[in-house]
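Here the structure is laid out as structure tokens; the discussion comes afterwards.
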Amino acid sequence: MSLSLDGIGLVHPNGQRALQRVTLAAAGGERVAIIGPSGAGKTTLLRVAAASLRPSEGRLQALAVNPWQLSARALRRLRARIGVVHQAPPIPPRLRVVTAVLAGRLGAWSAGKALASLLYPADIAGAREVLARLDLADRLFERCDRLSGGQLQRVGIARVLYQGPELLLADEPVSALDPALADAAVGQLIAQSEASGATLVASLHAVDLALKWFPRIGGMREGVVMFDVPAREVTRAMLHELYATEGAVLPTQGNDPSALAPLQTLAQVVPIARPGCR
Amino acid sequence: MTPADISPADRARAAGPCLTCVVVTLALVAAVIASFAYLRIDYRALFATESLRLMAKFIAEFFPPDLSAPFVAKVAWGALQTLAVSALGTLLAVVAGGVLALPASGRFGTAPRQAARFGLNLLRSVPELVWAALMVLAAGLGPFAGALALALHTTGVLGRLFAEALENAPRDPERALEAAGSGAVAAFAYGSLPLVFPQCVAYALYRWEMNIRMAAVLGFVGAGGLGQLLYFHLSIFQQAQAATVLLAMFVLVFIVDSFSSRFRRGLAPAYA
Amino acid sequence: MKTPTLAAPERDPQARRRATGVLLGVLVLWPMLQLAEFRPAALFESGNLKVMGGFLSAFLPPASSVEFLGLLLKATLETLAMATAGIALAFVIATPLALAMTHSLSVSRIGPGPGRWRGEAFRHGARLLLTLLRAVPELVWALLFVRALGLGPAAGVLALAITYGGMLGKVYAEILESSDTRPGRALLEAGSGRIAALAYGLLPGAAQELASYTVYRWECAVRASVVMGFVGAGGLGQLMDQSMKMLNGGEASTILLTFLLLVLLADALSAALRRLLA
């Protein structure tokens, strides 16, 4: 198991409960999309999976170890094998794109090499190759504060692609991209997973993107996993129940309801796993 | 509110200035008068014809300033030495202040933060000239003492400014890098340093400018440069030479002033 | 996304500029170190170590004989008196110059009316005079006045008056211009005299800031008075200079301690006064 969350719960210091009895497992090379309304706890889930946030309850295994029982050095090495794409990339504005991308491998580089790379980038070709996959190769030497929001988000993705992790966690990685670019970017994440055998868990707000690219969909709402099924078994009814709080129109990347047309409307499905029905 | 509602006390209070203001103003005036009285400056002697005449004679001896080539060369050398002292002192302070800013910004805990801040405040509170007098004892007469004095004082100033900049910078980029397995040094260099870099460069350049002025006068206690020249020539009553040195000081400050605003306005380029 | 078309890896465009900068820095560094007679070994030379060591070891216990403390008290009062008298004189010098320089009190600018160029020239003249007063550091003035008038606080008071007069004047004019100038201007337009316009129009709004800056300058003057004592202008500075020339560490440490306390006190007093004014 590349990632295993078993009964994970998390309560914030201010008393607010973010996750409740979340159980999710992904084998090596699997690709899972997590969908759900805002505030469902998708980001928190990914942060727990990335060993950035310590769960209050439950058992966590990332890349077959419990991160919170490791020594500091071993934890650091583990984190270098896990890549996180943030929704808003935390990149200092004055950094150039090339340096921001190369920062992906800081976990593998020594301090000396890292500092030297600040003066002269250590692997320009590598950075260029990764940026080319996201159509940003021509922005290699520009400052990040000269980029648009969507371009910056793609730089964040490029950084993780350059890192080449075994477990790739993406938190709404394409929220600032227009439909065509978003589709292509998700495609690149999938390609990376296929090429390197990495496990990919991505939270997405747009349901059509999730259904198009991911063979397995998990639905979260209010800190609870409502369903965890293969993509072809997702019905319109399940989605409407999931997004009940967000109104009758399901969120799609292109705001085009017909994008969800292929969904089954009849319930020829496995019963939804509801909490309390277990 | 009709006039009948206002009590006499309120009316009295509204009519004149507040009591505290009056008391404070009187206290200040009293303090000023007391100061002049305490100093017991003999005004009559100061402004008597005889002393005015002596003063005029003293001023007249400054003109014309000694502009002979060898002496001007000597003064120019002194000016360069002053510049070098200020540059070295500021450079040392940037390094030391940068190092001390890390604990002072709270990155290693509360106790190191208090200790570092205390140390920086101590360095800052002692004026450069006092440091220079101390450094002359430690390192001997000459410009090195001046550079050390500037370094010590400026470390206190820059260390505190750097620490505040670090504290105000968001920690997200650095934390994100650490969460991706980066070591602490690399995470700092890629995550937090780019955020504070332009501001710290601006502070350092501003302090260098002020240190040039300071370096010129540190020579009064033996720390080399234009100050030492001025002190020397004044103590052997060579007013004409002193005038040249004063002129050089003026020119130096003028040049620095003209360049500083232009230089500082040019934004620092990309960080890395 | 385009399929990546890799050109040969480019060089970092910033590389040349950075290399030049580093080269220039190195070229300048060596002469600078020579000029400043950079010799860290000097700190550890036996002669210097002995002197410094002896001096520092005498720091404790700090001198506390009654006779010395009496001298100390006198010197402290002298420093305080020097600072206060100096600021008072500086105020007397600064005020008329500031009023002459500020264009919030300029009648000829309204319109603009007659005498505009004359007024402009007059203001430039006042500004130039203030700049000249500020140009020479107060320590240099102090040295000159000590040579002219002999040792003692008179030199310090005059030095402060001149330089701080220049500083106060410039800042007073700026404060008068940056606060709300409309009441003053309205009075000038109604034909009132400049003093009346100042008193009734500008001062009510600007008085607090003016007073606050003056108190701040007083605090700086206390520090400067100690420093000027080193060139013979009396007070704590002269006492400390004497003690250090005699390598009397005990006295020097007491004076240093007193100085730090004095600065702390002045800081607290100034903060309290400024809070009172707010």
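Chains here go by letter, A, B and C, matching the order in which they are written, and residues are numbered from 1 within each.
In this text, a contact is a pair of C-beta atoms (placed from the backbone, for glycine too) under 8 Å apart; a residue touches a chain by one contact, two chains touch by 3 or more.
Note that the structure is a prediction, hence the values are computed from the model and not measured.
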{"item": "Centroid comparison with chain A (C-alpha atoms), farthest chain", "value": "C"}
{"item": "Chain whose Cα centroid lies nearest the overall Cα centroid", "value": "B"}
{"item": "Maximum inter-chain contact count - chain pair", "value": "B-C"}
{"item": "Distance from chain B to chain A - Cα centre to Cα centre, in angstrom", "value": "51"}
{"item": "Approximate Å spacing (C-alpha centroids) for the pair chain A, chain C", "value": "56"}
{"item": "Chain B and chain C, separation of their C-alpha mean positions in angstrom", "value": "8"}
{"item": "Sequence positions of chain C contacting 2 or more other chains", "value": "14"}
{"item": "Residue list for chain B, restricted to those that touch at least two other chains", "value": "270"}
{"item": "Overlap residues in chain A, where contacts from two or more other chains coincide", "value": "96, 119"}
{"item": "For the chain C and chain A complex, residues of the former touching the latter", "value": "1-2, 4-6, 9-15, 18"}
{"item": "Touching residues on chain A, where the partner in the complex is chain B", "value": "50-52, 76-84, 86, 90-96, 99, 103-104, 106-109, 111, 114-115, 117-119, 143, 163"}
{"item": "Residue numbers on chain C that touch chain B, as the complex places them", "value": "14, 17, 31-33, 35-39, 42-43, 45, 48, 51-52, 55, 77-78, 80-82, 84-85, 88, 135-137, 139-140, 143-144, 147-149, 153-154, 157, 223, 226-227, 230-231, 240-241, 244, 247, 256, 259-260, 263, 273, 276"}
{"item": "Residue ranges of chain B touching chain A (in the complex, touch as defined)", "value": "172-173, 175-183, 185-187, 189-192, 194-195, 197-198, 268, 270-272"}
{"item": "Chain B to chain C touching residues, read off their complex", "value": "20, 24, 31-32, 34-36, 38-39, 41, 46, 51, 54-55, 58, 80-81, 83-85, 87-88, 125-127, 129-130, 133-134, 137-140, 142-144, 146-147, 213, 216-217, 220-221, 224, 230-231, 234, 246, 249-250, 253-254, 269-270"}
